[in-house]
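Letters are used for the chains, namely A, B and C, taken in the order the chains are written, and counting of residues starts over at 1 for each.
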Amino acid sequence: MSALLQVRGLSRHYGQRIGCEDVSFDLHPGELLCVVGESGSGKSTLLSTVAAQLAPSAGTVRYRQRDGEWLELGTLSEADRRRLAREEWGFVTQNPRDGLRLNVSAGANVAERLMALGMRNYSQLRGIARSWLERVEIDAARIDDAPTSFSGGMQQRLQIARTLVTQPRLVFMDEPTAGLDVSVQARILDLLRGLVNELGLAAVMVTHDLAVARLLAARTIVMQGGRVVETGLTDQILDDPQHPYTQLLVSSVLTT
Amino acid sequence: MTPSYNFAFLDEDTKRMLRRALLKAVAIPGYQVPFGSREMPLPYGWGTGGIQVTAALLGRDDILKVIDQGADDTTNAVNIRRFFARVAGVETTEHTVDASLIQTRHRIPETPLREDQILVFQVPEPEPLRTLEPREAETRTLHALADYGLMHVKLYEDIAQYGHIATSYDYPVLVDDRFLTSPSPIPKFDNPKLDRSPALMLFGAGREKRLYAIPPYTKVESLAFDDHPFEIQRWEHRCELCGSAESYLDEVIVDDRGSRMFVCSDTDFCGDRRAEAQA
Amino acid sequence: MTATLMLELRDLSKSFELHHQHGARLDVLRGLDLRLHAGECVVLSGPSGAGKSTLLRVIYANYRPSYGAVHVRHAGRWLDLAKATPHEMLEVRRQTLGYVSQFLRVIPRVPALDIVAEPLLQAGADPQAARQRAADLLRRLNVPERLWPLPPGTFSGGEQQRVNIARGLIVPRPVLLLDEPTASLDADNRVVVAELLAEARAAGSGVLGIFHDEDMRDRVATRVFPMQALEAA
């Protein structure tokens, strides 16, 4: 199987400070990769840099488009970068309020990406928005309600619907469950797991929660101080951690 | 003419700056050109953008007409017309057919315009995406990339809330298949008049310091959904003064008991029709 | 007729280095050689602490071998799992290596029937057919039909174990690793599991397992592979 995303020697510095340093990995179609590490380990910086939201200080990110062409993300124009973000990628932020348009209805939030792709049939947009709300377990009767009237968990599910409605090939997720109650987390993780399987999405997910990695990801990258300290099969990393930092991380978890 | 002012109030260097900006605006239909807006002797929101464009265009032979919501006899229209009569000494008129330059607030005359006429709009908010996207840097990028899905979010919200596209004025248009543009707060009734108009249309926003243009015979398309096409307002009434069934009507309360009548918003158009009927 | 060799361990060693226990080192496997053929059922025997579970986990790449080779016949060629990339390893798990542990790792909110059907779906089967096959297996393993639509979190130990076996056996894989999958089962259900394993062997799978129950061991084993704790050796 050929990779969808190739990251090679990727670094991002903030002046003298290291965000992430010399990171390499491949992501295959249909694969969910978790990046774990504590706060400040550089995982969010890595995610933003891979998603071309931050310019790398060194290294390359290559992405294979729907048409099979390889794109070197560092050389993309702003227009191409936005086209990719619109047509082939999705990004789910930790705080749903950063990823949603709060001053328009839930339905418009879901339909926006479709309209950006040129869909101009209102009833069709409504129909798709309704079915996606149901898919993320939001009552379709709330399609015209403002997201501000939703609970945190509902807002996050709405953000997921808004992101996945265009059936992106690659989704970046930054701690999508971190701000939520444990019971709400489980529901969202289960939902994500189902959607990832069903849609055959490839995804890179940043999380500090090893249980999330265990549940969702076949492969995991462990980061510390901006560098990758261990990478491999998720269950191997959690059950037979090699690096001292990973061992500390695993032994610090109450239950995984 | 008051002699202590330069012709048409603004100094010649300022007019040159304005004309350069206007040329650029005409060259890129619908694109918002920044310009160095001057303090004018009237408050922002009263037409400081339109008045600067008019000042930059006026020649001694021009015949100026000024309308406010279609009427020649309302405060804003009277003041601006009188202003240019004093500082430029140009001839003024209330007749659309006689005017070479028409400054307008929120209407396009009912009488079809000609190639030898210029229409100048007063614009309070030139950015059609502003209510949805407050960041100027972001709206500029969206224009640069012609990334206009966002505008349909607003129309979607209209239909979701009211069952139809309820936006009735300042209805967004796409100019020359390229730039999303605010037609200024004209009623959407007037939007079809923008499309392939023989007259040059210029737009000035004084507070926001932007100019833009729709050159003659340019394609102007009002946005819509396939299953909710663009539609203009219709009335069950005719104008009670001239009997017109084609013009944009204002609803006027005529006494303390709340009696209402519908009359043409375009006073010149209505007057002409009545004069014709009497003749 | 010589049976096809499916799995070959050569000089396999495994030790754990515990960085936060003053660098303590635990040697569990040392210099181990083992061959498994198609149609065979090799049962690992030995006292607790002899490294039987560790061995299965090393073969499944749940643990990383410290030294030696784990050769598996995968997709018609030999692959050393000690050197395989994670992507290769995932493919080996999908197609070649099955692993059934003692415990079901419950996935929140997913019904038992779907948990069982999932590996078959991931192998590309038609959803309808996968659920049908899952239902057949659950029925054979005497899991009451009323439980199928429920997530197994609240099931009894024996019921969970049978769901786990069904999930582990639903995709026919050439090599099966079984870590006491029948520990909580009654005699009737053990017989069913023994039948299922016999069918898998007849279909050409090699089985490597741990069965503490002697009756079960006698029923399924074609060969016993003795193991001893290293300290005692």
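The rule is short, and it goes like this: a contact is a pair of C-beta atoms (placed from the backbone, for glycine too) under 8 Å apart; a residue touches a chain by one contact, two chains touch by 3 or more.
What you see is a predicted model, and the numbers here were worked out from it, not measured in a lab.
Averaging C-alpha coordinates per chain and comparing to chain A, the farthest chain turns out to be B. Of all the chains shown, the one with its CA centroid nearest the global CA centroid is A. Work out the mean CA point of chain A and of chain C, and you get 32 Å between them.
Rounded to whole angstrom, the centroid-to-centroid distance between chain B and chain C, based on C-alpha atoms, equals 77 Å. Remark: chain A and chain B have CA centroids separated by 46 Å (rounded to whole angstrom).
Residues of chain B that touch chain A in their complex: 132, 141, 144-145, 147, 149-150, 152-154, 156-157, 159-161, 224-228. The touching residues of chain A, when paired with chain B in their complex, are 78-79, 82, 86, 101, 103-105, 107-108, 111-113, 115-118, 120-126, 143-144.
Listing the residues of chain C that touch chain A in their complex gives 16-20, 57, 61-64, 86-87, 89-90, 107-110, 121-122. On chain A, the positions that touch chain C within their shared complex are 1, 26, 28, 186-187, 189-190, 193, 197, 215, 218-219, 231-233, 235-236, 239-240, 242-244, 247-248, 251.
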